[in-house]
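Before we start, here is the structure in question, set down as structure tokens.
Labels for the chains are A, B and C, by order of writing; each one numbers its residues from 1.
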């Protein structure tokens, strides 16, 4: 993509627009993330002991939980950037929130597909309406709603403000969702790793799990970065078009 | 000279209720929907398969949620005609007062619907009226506060977008989940005669939700109106 | 020196487009600025900035030294009339004006509303719902609503639209009286003759900027219209 000389009256405030760099969307970070994911998969499938009670299906856990945690990471970025945007009114914060929201949706979809794949052999059913699954589904709808809202508002400033408000409110909702899990006796296994005392898995499994977690997090960050750069280029193009229109 | 926050909110709430009372169509439409919904559930009910006391809470809270949504849809529509909202924005009042006023009006609207729907459910499913009605009303009112807080904010947002009718339910329903969950669990426990102590954790979720979101929505509302 | 109404480098962009570009003006008590310009020149945007309805992208707007986007009380000194009535159709004329009085914390809302209705000659329709009124009468009610709190600054966006001869005469009479009482007016209109009747200053906006500005005494009403047409180059 080439840079055009902008007329003086461009009007947009962001310094990034004035100097459009041609950064690749998928770079070394993405490469590292992919390699890490492959390595983690190989280790999980071939080099980690099979769990006694659940059998091979238990290994989906290594994908399922890190994907969920990565989704939470991405959603955390959305929430944080929402606050930052309302405070500083920097459109870069809004763009980062937008990118993280889309990536979060991808990871949430992964969670909602691996969950039933795990559930079928273990519980005998593709889906149950237990608290955590249901609420993850709603998290998916919430994120989808965030993205639909963004699509429905034409004015950039209004879109950023509305998204930021939804981002903050959604973040406030999550503790209530998590709280509900502990109140209801559900089918969903109680958290193994995220409970206050020592995790109850043998060390090799823990290592595999953390390997997957790091690989997933890397992939998450790389995807957000790629999406962000796309957003920069798209906004720069839009600003140029608008400036030309105004002449 | 500026009027106080609560006084302004009341002035705005009164205005909304006056408009609603003048036209009456929205209230009657939501009422008809609620009653039809309850009747549909009743006719689809196989009394030999499911006990009344098991079904009633579900019916009540489903109808509550959807009639709540319908009530909220009309909330900001009235401001869009002739740019009436501009008159509110020009006045030297806090934006938060506009939110509280409209939320209060919505709460009273929803309460009006509840006055008809809660006894209807109790009657149809043969719930012991004396014991259950006060409990049901209390829970419904507490749940309604949370519903209205979130719904009023989203209604304001949705009114300014292209996909208003889609966005309000899509954004709101995830937020209604903790409310409905807490309310439904509390209701079925109390109807089954379990002690209040057992239901209390669910009530705590409801009350905490109300407090958190009433505050959060009041504070974030000005950002929605800002131009 | 604190002016009653002051704009300093006022700028407002929508997306990449600058609707108002670095407008500065100072108006004092008893002045009336008539603002002319073709469609899309930014007149309405400028007025909404001066009313505190829009946040400036850059620059400031002040009333008696107070920032309009700062404290809510600055807005309390401003009245705004547009061609949209900003009224609630199902409510009566009286209810609409009383509502405004209450929101502006006027000390006796009912009396103030009654007086405003009397001044705009709509008292006999006070109990009718606004939506049953003709466009012209609605406009008069809208003006009464904007005046009920006796603003020191009055911003008018094409107020003559829809008014019949009596309504227009009532409005002009009221504007002249207000100006005489020391209020500050900004009047946006397409009708040059009507605008110049009450103005003490006249300005032309084009593409977001004020391109011409002078005092009423300095210009000749007949040639002004021709000069205006030339200035905006045939754009309407």
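Here, a contact is a pair of C-beta atoms (placed from the backbone, for glycine too) under 8 Å apart; a residue touches a chain by one contact, two chains touch by 3 or more.
Remember, it's a predicted structure, so these values are computed and weren't measured experimentally.
Using the average of C-alpha coordinates as each chain's centre, C ends up farthest from subunit B. By number of C-beta pairs in contact, B-C leads over the other of B-C and A-C. Once CA atoms are averaged chain by chain and compared with the all-protein CA average, the nearest chain turns out to be B. Subunit B has its Cα centroid 31 Å from the Cα centroid of subunit A. Distance between chain centres (mean CA atoms), subunit B to subunit C: 39 Å. Subunit A and subunit C have Cα centroids lying 49 Å from one another. Multi-chain contact residues, meaning those touching two or more other chains, occur in subunit B at positions 226.
For subunit A, residues touching at least two other chains: there are none.
Subunit B meets subunit A in the complex at residues 150, 153, 157, 160-163, 166-167, 170-171, 173-175, 177-178, 181-182, 185, 201-202, 205, 208-209, 212-213, 216-217, 220, 223-224, 226. Residue ranges of subunit A in contact with subunit C, taken from their complex: 9-13, 155-156, 238-239, 241-243, 245-246.
Contact residues of subunit C toward subunit B in the complex are 51-55, 72-76, 78, 80, 82, 84-91, 95, 99-100, 102-105, 129, 145. Of all residues in subunit C, only 13-18, 57 touch subunit A in the complex they form. Of all residues in subunit A, those touching subunit B in their complex are 86, 131, 134-135, 138-139, 141-142, 144-145, 148-149, 152-154, 158, 161-162, 164-166, 168-170, 172-173, 176-177, 179-180, 183-184.
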